[in-house]
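Okay, so here's the structure we're looking at.
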Amino acid sequence: MFGARGSVGTTTIAGAAALAHGSPPAGVVTELPDFASVGLVGLDQLVFGGHDLVDTPLTKQVERLAAGGVLPPGLDGLIAADLADAERNLVVPSAGGSQYDQVRRMAEDIRAFRLRNDLDRVVAINVASTEPPYEVADVDLAGLRRALATSAVLPPSSLGALAAFEADAAYVDFTPSTSIRPAAVREWAVEKGLPYGGQDAKTGETLVKSVLAPMFAARALPVHAWSGTNLLGGGDGATLADPRAAESKNVSKERGLSEMLGDVAGQVHIDYVDPMGDWKTAWDHVLFSGFLGVRMTLQFTWQGCDSALAAPLVLDLARLSALALERGHVGAMPFLGFYFKDPIESTEHSLSRQYDELLRWAQSC
Amino acid sequence: MFGARGSVGTTTIAGAAALAHGSPPAGVVTELPDFASVGLVGLDQLVFGGHDLVDTPLTKQVERLAAGGVLPPGLDGLIAADLADAERNLVVPSAGGSQYDQVRRMAEDIRAFRLRNDLDRVVAINVASTEPPYEVADVDLAGLRRALATSAVLPPSSLGALAAFEADAAYVDFTPSTSIRPAAVREWAVEKGLPYGGQDAKTGETLVKSVLAPMFAARALPVHAWSGTNLLGGGDGATLADPRAAESKNVSKERGLSEMLGDVAGQVHIDYVDPMGDWKTAWDHVLFSGFLGVRMTLQFTWQGCDSALAAPLVLDLARLSALALERGHVGAMPFLGFYFKDPIESTEHSLSRQYDELLRWAQSC
Amino acid sequence: MFGARGSVGTTTIAGAAALAHGSPPAGVVTELPDFASVGLVGLDQLVFGGHDLVDTPLTKQVERLAAGGVLPPGLDGLIAADLADAERNLVVPSAGGSQYDQVRRMAEDIRAFRLRNDLDRVVAINVASTEPPYEVADVDLAGLRRALATSAVLPPSSLGALAAFEADAAYVDFTPSTSIRPAAVREWAVEKGLPYGGQDAKTGETLVKSVLAPMFAARALPVHAWSGTNLLGGGDGATLADPRAAESKNVSKERGLSEMLGDVAGQVHIDYVDPMGDWKTAWDHVLFSGFLGVRMTLQFTWQGCDSALAAPLVLDLARLSALALERGHVGAMPFLGFYFKDPIESTEHSLSRQYDELLRWAQSC
Amino acid sequence: MFGARGSVGTTTIAGAAALAHGSPPAGVVTELPDFASVGLVGLDQLVFGGHDLVDTPLTKQVERLAAGGVLPPGLDGLIAADLADAERNLVVPSAGGSQYDQVRRMAEDIRAFRLRNDLDRVVAINVASTEPPYEVADVDLAGLRRALATSAVLPPSSLGALAAFEADAAYVDFTPSTSIRPAAVREWAVEKGLPYGGQDAKTGETLVKSVLAPMFAARALPVHAWSGTNLLGGGDGATLADPRAAESKNVSKERGLSEMLGDVAGQVHIDYVDPMGDWKTAWDHVLFSGFLGVRMTLQFTWQGCDSALAAPLVLDLARLSALALERGHVGAMPFLGFYFKDPIESTEHSLSRQYDELLRWAQSC
């Protein structure tokens, strides 16, 4: 994981350990009966590692998350050994050199992680802070290789993706950052014969939208305006308080709605509300009309703990991408759209269709 | 229609007339592109008639609905001729005689309606007031025939269904009343080679539930409690203020949730709030948990105009049942489950799966 | 009224006429028993006039408001004569000349209105579109007089206030515009021996805040964050879609909260959602804590028709300001704080305290 | 406290101890600056004791409340000594004998508590489970004395009140039980020269109502319907799942609304939702109209932790009643109405007026 010491990263590591100690796998979709015979790697066989810019110990993060109600109190004692194991697999990427050098160094870290833990397959998942949009020059693969040696052509998220590919790992972007958006980055994966997927996990407001919008569509009820306000604190909230980072998020949040319903009025706000901590509240207001133009509304309020919704999906994505690696899948994984606000190489946003598509792929061959 | 002068009945008649005068068909599912080549009867070819216990003129009802904001102001002038046409097809069923006699008389009314209007096919739709549950003796078809001649073996809704079958009409129950619940009533339809469908249209709270519950299921998020409160006025509200009628409604409202999510705590209330008029507000509160048991909630408030949501579905059901008649379909129509809270001979409650099933049937042959 | 042809202006004129024809005075505070013996001018003795930049006929505006559900259907016929009377008292202010000339011309219009209608007292109320903040030079009364002759020292709202004072009228600002904010404008009123009041009527979200915030304070419950989103269409919404106009509104909206609760996190959004028409929906989310720091929340959703909430208050303000004139009150009227988001020369925002203060003043002498 | 081992009782004892260890006194009204010079007993001088039917150790209850998020994790260690002190003052009342004997035995317990702890004044507060309504014979003081010797004339809550009076303690009822409702019970207090107060603390939905209802009244906005649903788990929820106990609660909940707004449609539901634990969610829907009858709504959702809202009020009531004792106040304490849904010998329900009244009394003499 890139960003392994963040809320999502830590909750994933701590949560997988808790499952190993008997917690029920709530929120882990791949533990549903539908996936029983698919041949996924066992949750207890996953080994965690990653990069992060900071080196705050995982135990410290676990403490913070337990105080915020994200992790159950008392968990830290139970999973101390698992945290220590993961801690050994965490690296702070060293700065310096060209961007190409950085990619090579991170790829080296990933290879070392694989060897040290004697792993069959590695899946790199980006759970680092959302980056602002980044203007990437429109170059082809060769051009990208040249540019990496001399200039800051890519943001960190894309360098991470390239490092993954260099280390023969699958790559999944849990964030709306640039990462695999540039065509040349994707070509890199294809050249290496590797799968990639993303972007921006849907765990709250957008998740609910992805079932409500198809409902209006299926019932032929015209939606006039869809407005939303998201209140959140935590690390992610602090990042998104920067309007440039929020822009990345908003773009991916709004794509789905217009692809599902066409042009609809209304804005989406993301407010950083520090005292909310790791909790998020989203309020949406939908103005639609029925027969003969009668105006009606639907409002919802979602109160969720973001990291506790995200972490089980990280486990899912690791298992499913490992399966894609095993099956030799090359290029985009649009069948993972179920997990994302802005599904790569797909315009399907209806959660139920996405689920069917995921299952079809998983159960195939 | 049984209950043709009620809010749903009147809105259906007035609305179809408004469409003929150029209103856009919002809420009419069968006008979606998906159904374009299915060969449904044109909306402008539908002819309306029916039974009602009261004889309040349709124009009066239209006035009342316009004052309540259900129908657009000024519509009455535009559609006066259409209302007069429909008015001629409305009958107050005469009392007296055995239940068998009543069935025969209503069947005669339906046959007369068909002849008078030179119709190819007739679909009878029950939009009469919700009845209390009715204890029907467990008899076979022959037993039912005998009992009808001598005792009050069936409630009015079931008599209406039999009248439809006797008149070679399809039958659809828009309500949670007894109607086609007894096995012998269904056998009657089969013997006559006719289709039937129902029950209890989903137009509000239950509609939303039918997409949200599958969302929780698909994401493996355990739902602990689902509580709901429905506030409504109008004729339907007044009927449901009687706890016995409300019982029928509650049973059909709650079936879906348990079939989708298993055992879940929480109650559903239906409150008659006279000043709400024809408007309904539903508030639902869902308590679920994510990873490692963290508690989260989703609330929604639906504010809809019931009849304006129901009427376009009545048009859909008329067209689709006419198609079933044309195709010679006999017996239950589970593929209409998309429209119902308590879909007959089906346990599928997920709206998106129901839509797919409906479409598959419509586009078949 | 400045802005007499807007939604608030038109609803006030049409509403007063409707009251005269027997509508109950819902929302008119000065019709409560508490004010019965205060000696206010009768609602039926009020005569309406004003300025507006546009000359769309009142009947046209009434039609638009009736279509939007703000005014009851069928009202236009009933009150046609009253609208025609008011229409004769409406003027489009002519441009040209110095700002001093404009003030003089508008004052002349007001004097003519008084004479033509043989009125004892005139109250000018600003219900024109919200202006962006305006940087007014810090001059004294004499300086202001000089500047008016040569430069655009004041925005239109302040010119309106001066015109009122020149015509011996009381002045009340229903908006958050600049109007009576500059000290020299207030001195002008004092020099003329006239009362003034404002600003920015509280009719929705802020009204509710003005009772909820004191509740938290009285119960010693610390409020950590108060977030709000306002969705509105209509003319006011379109104006506030301009971020500069919205700035004026936000400043006055937020003053109360911090004066009631001190420093509290959270943002307030005003979204222009065209399809909402004259209806406004506000959602507020309050994060507070109880004993030992336990986090709790209160959310509310207000769905109101702004002009129908505002118009009866315009009537109140006209009557109360006429009383102030009669009593020879000079300068600010802080006892009108009950009506305003940003009460002039007062820091009291608790609605119940404001009511008590208003009543005390009204019942005095 | 009667019911000292319940959620409210335990949170009060644990919370007072936490305050002594430095927690800020959030929710304790009498710690507001307004009360600084009133001469109330210090929070750290309060000593706790009481009766409960069960003997589950306080430490066990504290553990349960910490697991449920009512008390902060880790508190138990900090306050172990305080809990042990309180534990010594808790008694299980012994059954047997006439009701008069029971009163005498409990009075003896209270006197022993006073002596053992060398206290100046004792205030008995009833925080026991809500009782169903109890039909009390209409007798005078003498009649009551006779009846107590021979029959079950009173429910336990009233016996507790009498025991308090016999032991020269003030009595406050935090619940809607019968306790001090019978006239003869009140006369008993008066004969003894003691103060009493209650009933049924307002800590959630009713608290919010007590500021919103006066808002509608002050703005002359007619309220047509007020509907509410309360979801709660915990011990109190389990008690109220019994419709007879809920009846007591509903009566006291609804009194205020009708006394504030007159006749208003709408029902209030109390649903026991076990998985909610000690948390309560209330949703209220208010239908009102503005000028010319336009319909509007206000909804709110309150999500609170009941005991954490109640406990600081128990501290307030103890201090204020001790002051009343000190001042020699005899009979009802209507100035405590600020704390109650059904304020004894008062019809004032507006929170802000109640606060003013409380303060006036506290600051007098």
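Which chain is which? They are A, B, C and D, in the order written, and residues in each are numbered from 1.
Just so it is clear, contacts are C-beta pairs under 8 Å (C-beta built on N, C-alpha and C of every residue); 3 or more make two chains touch, one makes a residue touch a chain.
Going by UniProt, the chains are A, B, C, D = Inositol-3-phosphate synthase.
For clarity, every value in this text was computed on a predicted model and none was experimentally measured.
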Neighbour overlap between subunit A and subunit D returns B, C
Two candidates, B-C and A-C; the one with more touching C-beta pairs is A-C
Separation of the C-alpha centres, subunit C versus subunit D, in whole Å, is 43
Note: subunit C sits from subunit A at a C-alpha centroid distance in Å of 49
In subunit B, the residues touching two or more other chains are 69, 297, 299, 301, 303
Contacts from subunit D onto subunit B in the complex sit at residues 224-225, 227, 229, 231, 265-267, 269, 271, 273-276, 281, 283, 285, 287, 297, 299, 301, 303
Touching subunit A in the complex, subunit B uses residues 11, 15, 18, 23-29, 31-32, 69-72, 75, 207-208, 210-212, 214-215, 218-222, 289-294, 296-305, 308-309, 311-312, 338, 350-353, 355
Interface with subunit C, subunit B side, in the complex: residues 67, 69, 73, 301
